[in-house]
Each structure stands twice: as C-alpha cells, then as structure tokens.
C-alpha cells in the first residue's frame, strides 16, 4: 500500500473511532425504542400540568347548578367555557376562585350577530339589544331562557331577517309564508316552522290574476320556469339577489 | 422577544389578503439565503477546478489551485449561517448522531462531511503534498512542524509517490464532480422536496441550483483571479480568463434555459398557485426577480459575454477584462438574488394561496444585515490566510510567504 | 507494464476500501434504529388506538372559545402570532369572490360584517394540526425531534428539537409555529397530557356547540364513529397525501 494511503487511513480510522465513541455519549437514552425519537419525550409531554378540569369535575361540588343547566338551552355548554380553567380551583379546594364573566362583551362572543353563524342560532345585535345592560340582568346564564318569549323571528333568524330587509320582500312578514306553531318559540329544534309547498303559494302575489299592488312582478304561471318550484331558482328572502 | 414582537406587529399591518395566522413570522431569513449561496460557490469553484484535471482544459491551469482553496474557504464558512440560525445551536450534534434517514436536511450533514473530507481536503492534500514535504525541509522551528503535520509526516518525494499523487488527484476530482453536484443539488432538493410549498416543490429546483452554482462559481473565480493578479501586480493570463468567461457563458446559457423552462412550465400548467405567485412576482419580488436576477444577473451578462465570445479578436484586452469583471459581478448579484427569491419568495405567500406577507430584514442581531455581510466577507479573509500557508501561485512554489 | 496494472488495481481497491470504510461506519450505525415511518404507525399502534378529531362546520359559531382555551391550557403566547388552533371566517360573495379572515385567530370572536346583500354563503372553519398519519413534518425533521406516537398523535420533543424550522416549512396547513420561549417548533398536541388522564382536549371541552368531536378513529362505537357514519367527510388538501386525522363535515370547497 502506498505510503500516502497508509497515513490517510490512520487519520480516517481515528476520526471514525472518535465518531463511534461519541455516539454512545451523545445519543440519549431510549432513543429509537418506539420509533426515531426519544422515548422519554412521551412521558415528558404526558405529565404536563392540566389547567382545564373537564366537565365532570365540577359536578362533585356544583351539582345543583348542573341540575338547572342540564334542562336549559345551555345544556351543552360546559362550565369552563364561560368560567375558564378550573383545575387550580379544584386543587386549591376552592381557595382560588373562578371568574364569572359578567359584562356584555362575553356573551356576545357566541350570541352577537354574524352572517357566518348557522341558521337558527340565537343572535342579537349587541348595539340595539338592551344596550349597556349586563346580559345577566335578564338572562340566567345557567338557564338562559329569554325573559319574554321571542316575539320576532329575528331573535334567532338574524341573517334571514337582515337579508330580507334589503330585498323586495322587506315588507313581507315571515309568517305570511311560514306557518309556525307557537311552540317553536320555546322548543325550536323539536317543532319547526312550515314552508311553502307548491308554486301556487308564491302565486298568491305573483300570478297574473292575483290581487295586490300593481308593482308586484307578475308571471305567466303556465309557462314561467318550466314547472319547477319557484324557490329552485329564486331565493325567497332575496328573490332577485339585489340589494334594495 | 420584544424585537420579534415589534417586527411581527409591523408585518401584521403589511399583509395583503389572507395568511394563516402562524405564517406571519418568516422563518428562514437572510442567513438561509446566504447558505445556498456559499455552497453554490463551493460547488461551482470545484467544477471549474475539475475542468482542468478531468477535462484537461489547459488554459484554466493558473486557476486550478486557487479554485480549490476558494472552495475550501467558502466550505468552511458554509455551516456558520446554519448554526447561527438554529434555535438551539448547542444541539447541532444531534444531526450527526441521530439523523432521520428520511430527512433531506439530515443526510446533508453527511454529504457536507463527505465533500469536505473525502473530496476537497483530500484533493488539496494530494496536490500539495510534494510541496508540503519540500517546504517542511526548507523551514525551521514551528513552520517546519506545521508543514510536516500538514503533510501527515510523509517524506516520500520519489517519482513513484509523485505519480501516485497525480493519479489520486485525478481520481478524486472524478469522484468530486458528482460529489459537488450532490452537495449543491442536495440543497436544491431540500427545497424541492417540500410538497407543501408550490414555489419550491419542483423537480427542476435541484438542477437549477446546480447550474446556477456553476455560474456563480466560475464568476467568483473570474473576479478572484482578476483581483489577485492586479493585487500581486502580475500579468493577467488572457487565454485563461477568456476561457473562464467562455465557460461562464455556456453555463449561463444552460442556467437561463432551465429557469426559462421552469417559468414557461408554470405558466402553461397554470395550477392553483399561479395567481398568488404571479402577484408575488409582480409585487414583492419584482425588483429582486425581474430586475436583479433576470435582467442584471442573466440577460445582460449573456449579451456581454456573447459579444466578447464572438468578437474576441476584435475587442482589445483591457475592454474584455472590464466586461468580464462587470459581467462576473452582475452574475454574483443575480445568483444571490436567485437564492433570495427562492428562500424568501417561498415564504412571502401564504399556503392558503390567498395572501402575501413581508420580510423585513433587521440590521443588527444574528439574523441581520451586518451578520450577513460578515459571513460574505469571512471566506475571503480565510482565503487570504490559506494562500499564505499554501500558496497557489506558480511562481512562488519555491518560497512560502508566511 | 503488468506491474503498473497490478499497482493501479491495488490502488483503486485500497482507495475504494478506504472510502467505503469511512462512509459505512456512520451510515450503518444509524440504520440499526427501528425504521418506523409515519406510514407504519398503523401497524404499530399500541392498544390499537388512533386519535382523531371531527369538525362539524355547520355547528361552528365562531365564538373563539377553543382558541382561548387552547392558549390557556398549553401556555401558548397570547399574541396574535402563535396559534395551536384558530378559526377562519369565510364569506363567499355573489360576485364569486371569497373573503377570508381570522382576526387574532378568532380568539375574541369576529367583527360583524355589513355586506349581507352580497353574501352568498358564509361560515366558520376551525383549523388545527391535522396529526397526519403520513406527516410531512415528521418526514423532514433532521434529528427525530418530531414524531408520531403509537396512538397517532404527532408531537414535538422540545428538549431535542434543534430549532431548524424545517418542519414549519413542510406543514401544508400552517399548523406549526416557532415557540419564542423554548426556541423550538411547537403545535397542537391534541392535549396529549390530558388524553392520558381520560380528559378531552381543551378545545373540545369548551366548544359550546360540540362542533369538535374527539375520539379514537378506529373505535366501533363512539361519537366520532357516528360522525363518520352520518356525514360526508372531507380533509384539507387531500391531494398532498398527508392523510390528515382531522375530518370535516360540511367543508366547503373554497376552504384551503
């Protein structure tokens, strides 16, 4: 073997040996046990402290509140959603107290109007709805029945109301097209409002012969729309999709 | 942390469209732009050196050793921006001892080590060994010890040993060419393999990186050779720099074609990301991409070098030298801008494809402009030191000037 | 002449041998680790469990309680730059344009919009780490600091992470961020520290409309199974083949 190669081999071998030795010092224990990671990490993460106690933890001491809440509209809202993390409160045996949001800003997070919120979710306009007053003045957060049964559909159907208000149908009452049992006001999910079923329902105003204002657009019922139901094309709450 | 909050608050105001909330912070900044720039220069300088040994381009002989030493100087500094950028640089060794074999970045650590030790250092050693032995004999005291150590205490100056050295250099250069391709192509792959990012995810990126590295390496050697010759008041070897600029021209043509291909391909396929990327190019990246990378860095040098190639006999030497120098400098700016456009550009648009953010480079601090400038200057400083220990100049082969 | 040939052959042999030895040692010693790719977690699931989350877009009211609870539970910086989960609001207009926003991640709810006449449809989309079973972030981590647990949760080992931020670049969903306190990558952990105690992740715990459903995707009878049965399920960016474990019902096509 040429002299140069011998010398280089020495250098390379030394480096290789140093590398192999260093590995035993630097690779942490448990690395590779479950996969290409440090097995100890699973424990480090699993034993991190918990801040939210979970919905069942409150029941041990506050079952009375829960009894009320579980029959109310807020039955699916967990305690800590409004009261914040409760683990410290439990661990301190009640010494550290949980905050209860009392100002308007908090309830509005869920109940403030937004067009992106799903249909039928109870929403109010925070500026118009009893301004300045704290929500809890009229609504018990654990049984948030409105003090008065909602008179207006807009209490829950805010997007539709606002959309309709910008449309040619602005002056139409909701109940003119939707026959709604009274119970819907208290039990909205169980009892639903009715909807028009046949073309003739729109024809009450829009047929050629229909009585009513001359400005209401009239169509030839035989021919218009190929016999499809009117709302297949026209959104009844904003029929021409135009702003007023 | 306060400076970070300030930066991010500023960025928050400058967003256009929608970005994912976590995308407000740009994670890879100027340091990560510098890193591929440096490794590109390494690969490019090495390829230039390989033209001499493997492809036997005699005209480039004066730059052979200089190119190797330049590659070494830049390779030494190349990991510095990476280490400085890490959140925990003290844990860097993890990449060597527990590399994730599925991660391009992990494998790069070994590619780097291979290239540094098995290619560059080895080739330099074999090329200089005979002189190291001779310099050791001609020196005394500490210098003598240093040279003997560098020669690994070899003292064989026989013809057989010298012939072996020569063959070794040739073989190593042969292995070194694909290694250089791997070194910088790999950096391209680190970006190109990220499917989450449509600006990066491309089969072409490793190839584009490679050819742009060759371009920047040759251009760098052009500048270094011109500057060092002027500095040492030596006559410039015109056939040498004519040849260098010829290869620069060819490399530029290939590089330009590849980048054009990428551009045309993107436009033609017109995937979902085309809109936001188009916004980014015509907005945030207009100056760095259209002006600096395309115009200044590619088209102007192509024209200039094309003219000097075709009209070489007509143009006087001084004019040609000036054009080469300017073209090489423009090319460097262009290639740096290329790296900028890839790294920063890839983070300026949101992965929601709906918005753009901004990158505001700091001046001070470890990710700042001053640090960047330092990292770009350091390799030259190191080169200055190395050429004193291992002079690459042919005339000074007899007396090292430490 | 023959001597030259023999010498050349032996030279090449020794050089190759040198190279091979030098190269093989580091490589061999890394391959002795279990080659556990994220793909293989399906085979290696301990206890046969894989955690996942279902999100019902139609139930989300954009209240932001999940964002707030997550930050409180996991000590995430309360600034608008770091989120483990966030809520986006989409408004598709009559013109066909889509407007998306997420002010402070939706943590304090959303400001009211005033363009009802132009809105065709509008909804909220909660986002978080998808805990992909073919996670690109796990693939690119150079040191093995991020990994998939045997029960399908993707975690970050903050004591091992070197802070290179490659995983943050590799995540297609923007779920990761750089924690300025630990100087490591961080993201949603499905509240792994709560799961072992039989608790739900904080975001699931506080959601007032049960828009988030958590459980074992492989269970035969669970809330999540019911969710899978009765809804058309979508995931984000399916074309990237990350195999996310966060499943959306009612996900609109404009959501990225």
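Lettered A, B and C in written order, each chain numbered from 1.
Going forward, a contact is a pair of C-beta atoms (placed from the backbone, for glycine too) under 8 Å apart; a residue touches a chain by one contact, two chains touch by 3 or more.
Keep in mind that this is a model prediction, so the values were computed, not measured.
Could you tell me which chain lies farthest from subunit C when each chain's centre is the average position of its Cα atoms?
Farthest chain from subunit C, going by C-alpha centroids: B.
Relative to the centroid of every protein C-alpha atom displayed, which chain's own C-alpha centroid is closest?
So the chain nearest the centre of the shown protein is C.
Please compute the C-alpha centroid of subunit A, do the same for subunit B, then give the distance between them in whole Å.
It comes to 52 Å between the two C-alpha centres.
Give, as an integer number of Å, the spacing between the C-alpha centres of subunit C and subunit B.
Comparing mean C-alpha positions, subunit C is 34 Å from subunit B.
Distance-wise, how many Å sit between the C-alpha centres of subunit A and subunit C, to the nearest whole number?
22
By residue number and range, which residues of subunit A touch two or more other chains?
Where subunit A meets two or more other chains at a single residue, that happens at 2, 8, 15, 19, 23, 31, 36.
Which parts of subunit B, given as residue numbers and ranges, touch two or more other chains?
Within subunit B, the residues that touch at least two other chains are 94, 96, 98, 100, 117, 164, 168.
Counting only residues that touch at least two other chains, what does the list for subunit C look like?
11, 15, 22, 26, 33, 144-145, 160
Which bits of subunit C are touching subunit A when the two form their complex?
Spelled out, the residues of subunit C in touch with subunit A are 10-11, 14-15, 18, 21-22, 25-26, 29, 33-34, 36, 41, 44, 58-65, 69, 72-73, 89-91, 94, 108-110, 112-113, 116-119, 122-124, 144-150, 155, 157, 159-160, 189, 192-197, 199-200, 202, 205-210.
Under the stated contact criterion, what part of subunit B meets subunit A in this complex?
Subunit B residues touching subunit A: 93-94, 96-98, 100, 117, 122, 125-126, 129, 152-154, 156, 161, 164-165, 168.
Using the touch rule from the top, collect the residues of subunit A that touch subunit C in their complex.
Against subunit C, subunit A makes touches at 1-2, 5, 8-9, 12-13, 15-16, 19-20, 23, 28, 31-32, 34-38, 41-42, 44-52, 54-55, 74, 76-78, 80-81, 84-85, 108-110, 112-118, 121, 159, 162-163, 166-167, 238, 241-244.
In the complex, go through subunit B and note every residue touching subunit C.
Subunit B residues touching subunit C: 1, 4-5, 8, 12, 18-25, 27-28, 82, 85-89, 91-92, 94-96, 98-106, 109-110, 114, 117-118, 164, 167-168, 171, 190, 193-197, 346-347, 350-354.
Given the complex with subunit B, which residues does subunit C contribute to the contact?
Within the complex, subunit C contacts subunit B at residues 8, 11-12, 15, 19, 22-23, 26-27, 30-31, 33, 35, 37, 79-83, 86, 88, 98-102, 104-105, 127, 136, 139-145, 160-166, 168-178, 180, 182-184, 240, 256.
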